[in-house]
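Down below is the structure, laid out as structure tokens.
All chains are identified by letter, namely A, B, C and D, in their written order; residue positions are counted from 1 within each chain.
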Amino acid sequence: MEFIIITLIKLAVIAFVLLTALAYIQWVERKVIAHVQVRMGPSRVGPHGLLQPLADVVKLITKEGVMPPHANKFFYLAAPILAVFMALISISVIPFGTEFTVLGHRVMMQLTDLNVGVLFILAVSSMGVYGIALAGWASNNKYSLLGGLRSSAQMISYELPMSLALAAPLLIAGTLSLRGIVDSQAGYNLGFIPKWAIFTGPFPQIFSFIIFMIAAFAETNRIPFDLPEAENELVAGFHVEYSSMSFAAFFMAEYSNMVTVCSVATLLFLGGWHPLWPESMGSNFAAPLILAGAGAICLYHGLNPARPFDRFTLPAFAVIFFGLAGLMAFPPLVPVLTPLFWFLAKLSFLLFVFIWIRATLPRFRYDQLMSFAWKFLFPAALLNLLVTGFLVALVS
Amino acid sequence: MAEAMQSINLQAGVPISWYLVLSAVLFSLGVAGFLFRKSIITVFMCIELMLNAVNLSFVAFANQHKQVSGHIFTFFVMVVAAAEAAVGLAIILTVFKNRETLNIDEINSLKN
Amino acid sequence: MDFLFFFLFAFIAVACAVSVVVQKHPIASALSLVGVMASIAVLYLQLGAEFLAMAQIIVYAGAVMVLFIFVIMLLNAGAESRSGRSYAAQLMGPPLLVALMASLGFAIMRGFPGGGTVKFDSFQGGTAQNIGYALFTDYLLPFEVTSVLILVAILGAIVLARKEMD
Amino acid sequence: MQNLWLIPALPFLGFLINGILGKKLPKMVINAVAVGSVVLSFLLVLNIWSSGGDLAANPIHQHYFTWIQSGEINIGWDYAVDKLTLIMLMVVTGIGSLIHVYATGYMAHEEGYYRFFAYLNLFMFFMLNLVLGGNYLLLFVGWEGVGLCSYLLIGFYFVKKSASTAGNKAFIVNRIGDFGFSLAMFLIVVNFGTLDFTKVFAAAPGKSTETLTAIALLLLLGATGKSAQIPLYVWLPDAMEGPTPVSALIHAATMVTAGVYMCTRSAVIFTHAPIAMDTVAIVGLATAVFAATIGLTQYDIKKVFAYSTVSQLGYMFLGVGVGAFSAGVWHLVTHAFFKALLFLGAGSVIHACHHEQDMRHMGGLRKYTPVTMAVLACASLAIAGVPGTSGFFSKDAILTAAYGHAPWMFWVGVVTAGMTAFYVWRAFWMTFWGEYRGHGHPHESPWSMLAPLVVLAFLSIAGGFLFNVPKILEGMFPAAEEVPGESMLMGISIAAGLAGIAISYYMYVVNPKLPQRISDGLGGIYRLVYDKYRIDELYDATVVNPVITGSRSLLWKVMDQGVIDGAVNGVGSEAQLAGGWLKMLQSGNIRSYATWVVLGAVCLLILIGVAEGVTR
């Protein structure tokens, strides 16, 4: 019974945080891309456009859901639900931090620790293609059908290099449980180089990390691999007919998939919640210092406002940051929050890379995309796996 | 069935034979699909359904004997099924290209 | 708990399987088949075959069935026509099916009157480690042969589907 | 620890590379692969030779895997090396390497260059397998394999009818010998329960003489096939249709000596079967004389040397038959040197004369091809048994042993030696002295051909000193009995050899009209000898034609057409009738087929259920 209650509480917390975060990642994306392109980005709704996601949600809910003629109603409606369901479900096995005890109950920062966690994520992500393919087919539109076809071919193709790239660090970790994989990356070489998979082991997994990230771009249909929704060829690809909440569902699925693959990359390659440098060198102080620094910057700009309302908003942010810094520095919370901070920091960095690339790179041509997967990425991943396996066997 | 239910201790777990019955039912449904469906793709899917049913009984037997061999069998069946799907679908593509039909009753050149 | 679990997913599996057979449209059949496979995967978990459960989803649901759907979409296969010409199947099919099911059920009930029982965690030999160990020691030769089979299948598929679709 | 398997494996690798990829490879690569693999094997053998230690006490024996396991019989893939094997290995790989080098020059402009070297490498593999094999079956594998390669290489110019016929002949005649060998092996398995040399020879003294005699005679039948002895020698002269390096390697130096090797290997069996020993000696002696007389009259240079080979092989069998096994092997080694040289030299001559083989169209070549002449002179000296040359030692050893066994054998042998000297030198004079009688301009061969000739010439002269085989093999075989008056016997055989040379010089250089007069004078006898005693025609009349007509009239017309075809056709028409009914099932409709399958499955299930119900 206790188990069920704790799980339900975790479920509620994670669902709330995740869904909010998904909305705000979009805000971050728009802001970052705007600044890359020397624009302002959303700035009308709320201070710095911070309420923009809320406004978007209201807009999408209140819009009319259009049903295209001759569409297969059941599949047309089921597809977005399937997509978002498959995208969200894989979060359930991802651990965010270490175990802690609250009110005498041991709580894991994770919904469930499956001992085939990695396989579970692979399985669920491979199911994600149904949503897109079905949406493309059920819309009864040739553009969306092409988008659906492209996405199913693309996702099957890129799943191979992705799985092979995943397999290499698994060989080193010797377990399929995500928590076990993170635990295997604890510690430091030479006292300061973290034993993350990309830095250490018999064969540093930097190549497989790069391959994984490239494949992850394709799996999440992000630029430069967003062929299924290439707007200049296919209008908007598989979701051209969708509107209202079903359109929002696809958006949510895309961002949720991004979070999932970035989390997996963090856990498998970047040491999960293990800090970048050892505790003995003061990694515990990094979080409060960074947050306090952010607060200080906000405070400074608040005192020297560029726009009139900055005088009010920026000091408010500063207070929030200082409060967070205080939380991070509060000794009883340090063992709980510091790993969480590191995990979120790495995750945010990878998400930033996703956005950064979207702002930077053009789109591939479809045949280039496929031949890149089969002729370069797949052999490279295979080679990497072979070398890793050989070296692991040699060392053990 | 009711008597069987009573004789089974609910705490002891699900009897293996129930899994086998489930497997048999799924298999028969696959056979039914094979016999009564006319789309060649659906017929092919029914073959996959039969394979899955058989896999289920393999795994059930593995549980019964507490041996991993049944799992290995299932694993091989999966691999073969994947290969079979690739070749089979390629054949279907070719057939469709040549005859412009997916109706299995019209693909009968083996006659005479 | 175990019974509830079994009945729930057995019911889903059978329902989806019936749906596979009776749905008129191939896409619907394919998705129902995915449902069968997913529920069988869950039953695998109960039977202690966690690796196979995941492999089932990845291989069958994630790859094979996607391929099916891909082909269905590519050929734009519609609902099937009614023109059937197999009198043998129509006449003998139903009674044969009943006979098949009856004889299978009879054989199972006769052959496994007691049998064992299945609970969660009653068998823990299905981890990836166990499977891998068995695969690369006792079953190494079949494994290699299978890899050759796959190679041949790849080549066959490429050769068959090579010419451009008109 | 030497890896014996590498020795045959290297040529096999060469065969695979050249055989599979040869068509696309440049000649340089083919040469490198073909020659390199054999030379590497030779180096490996040399390594064993130099570091072998006491092979007499500790023969190397390596077991690789169990090949055949059936009941009691357990045949492994075993390689074994003792001193006898080592000598054979030296001969096979050493001369093989030289001939490979020679062939790169000789075959340079031929079609199917890669095919030739692939076959040659395959031959090396099988020959080494034959020599290395640690049991009869493995020896037999090599035995059959070299036969196959011999067939392939004789028929190398397969567009020529005579070449492919000659290949067929060699193959078919060898089948008779192999039949004997197989029977011998069956007998060995039945009586000994094993085919391993060590076990068989350990058990042989305890078996009855009749058994051993039967085995030994059957082995001899095999050996007569492979080593071209009476009555199965007929294939060897025809085998000269193959390219000359093949004649040198396969049909002079190595493969044809396999019979001698096999008899020597089975010395324990032979020594316990006196009748078989005598048979060996008589067969050998008869062959020696018989072939030598034919050799006297031939004009084709390769045919002369081919009959000479048959005759010399007879010598080896004589040595084996009189119990002088080591002398036989010694002659095998020296013969390999000088006969390979004779053939290669002949090849060089043929090459020089634009593929002319008839000696009547040669002559005076000493001006054009001095190196070839010099090396051929060395070989001819050696085969004539001039003192100091290699042939002298081995031939003398055999003749001495023959005298110890039965003096008449010695005298026949001496006459043969004289004839040998005569016909070899006859060929020499006809080729190199006098006026050139052919067309075109003869030219000396390239150095890739001459270099091996020079090496072989050195070996022909000095081989007797370098390889004192009886000394090496000391203790392996029962010692030959001491013969009184050895030096006198030696003198007689030397005299016979020198006399042969002298007579030929008189007849073909001093007085070239004489041979014609003699042959005219002899008339019918000469014609008979010139036609090789019409043995081929005899075989045609007694064996080949009856078999052909028998198969035609009885097997083909009656059995095949009447009985078998009738039965097949009858079954066919019955099946057609039945099929007419059954084709109703073949609707071409998959679902109908599936229905029948399900029907079958249900029937099976019900049957099983009923059966269970009955048994319970």
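What to note about this one:
Here is the rule we use: contacts are C-beta pairs under 8 Å (C-beta built on N, C-alpha and C of every residue); 3 or more make two chains touch, one makes a residue touch a chain.
Computed from a predicted structure; not experimentally measured.
Interface comparison, B-D versus C-D: the higher number of contacting C-beta pairs is recorded for C-D.
Comparing mean CA positions across the assembly, the chain most remote from subunit B is D.
We define each chain's centre as the mean of its Cα atoms; on that basis subunit A and subunit D are separated by 76 Å. One simple way to say how far apart two chains are is to compare their mean CA positions; for subunit B and subunit D this gives 62 Å. Per-chain Cα centroids separate subunit C from subunit D by 63 Å.
Rounded to whole angstrom, the centroid-to-centroid distance between subunit A and subunit C, based on C-alpha atoms, equals 32 Å.
For subunit C, the set of residues touching two or more other chains reads 51, 55, 63, 67, 74, 84-86, 89, 93, 96-97, 100, 104.
Counting partner chains per residue, subunit A shows two or more touched chains at no residue at all.
Residues of subunit D in contact with at least two other chains: 587, 589, 591, 594-595, 598.
Looking at which chains touch one another, you get A-C, B-C, B-D, C-D. Per the touch definition, subunit C reaches subunit A in the complex via residues 25, 27-28, 31, 34, 50-51, 53-55, 57-58, 61-63, 66-67, 69-70, 73-74, 127-128.
Those residues of subunit B lying in contact with subunit D across their complex are 31, 34-36, 38, 43, 104-105, 107-112.
Taken in their complex, subunit C has these residues touching subunit D: 84-89, 92-93, 96-97, 99-100, 103-104, 106-107, 110. The touching residues of subunit B, counted against subunit C in their complex, run 10, 12-22, 24-33, 35-39, 41-42, 44-46, 48-49, 52, 55-56, 59-60, 62-64, 66-69, 71-72, 74-76, 78-87, 89-94, 96-97, 102-103, 105-106. Those residues of subunit C whose C-beta lies close enough to touch subunit B in the complex are 2-3, 6, 10, 13-14, 17-18, 20-21, 26, 29-30, 33, 36-37, 40, 43-44, 46-49, 51-52, 55-56, 59-60, 63-65, 67-68, 71-72, 74-75, 77, 80-81, 83-86, 89-90, 93, 96-97, 100-101, 104-105, 108-109, 112-119, 122-123, 125-126, 130-131, 134-135, 139, 142, 146, 149-150, 152-154, 156-158, 160-161, 163, 165-166.
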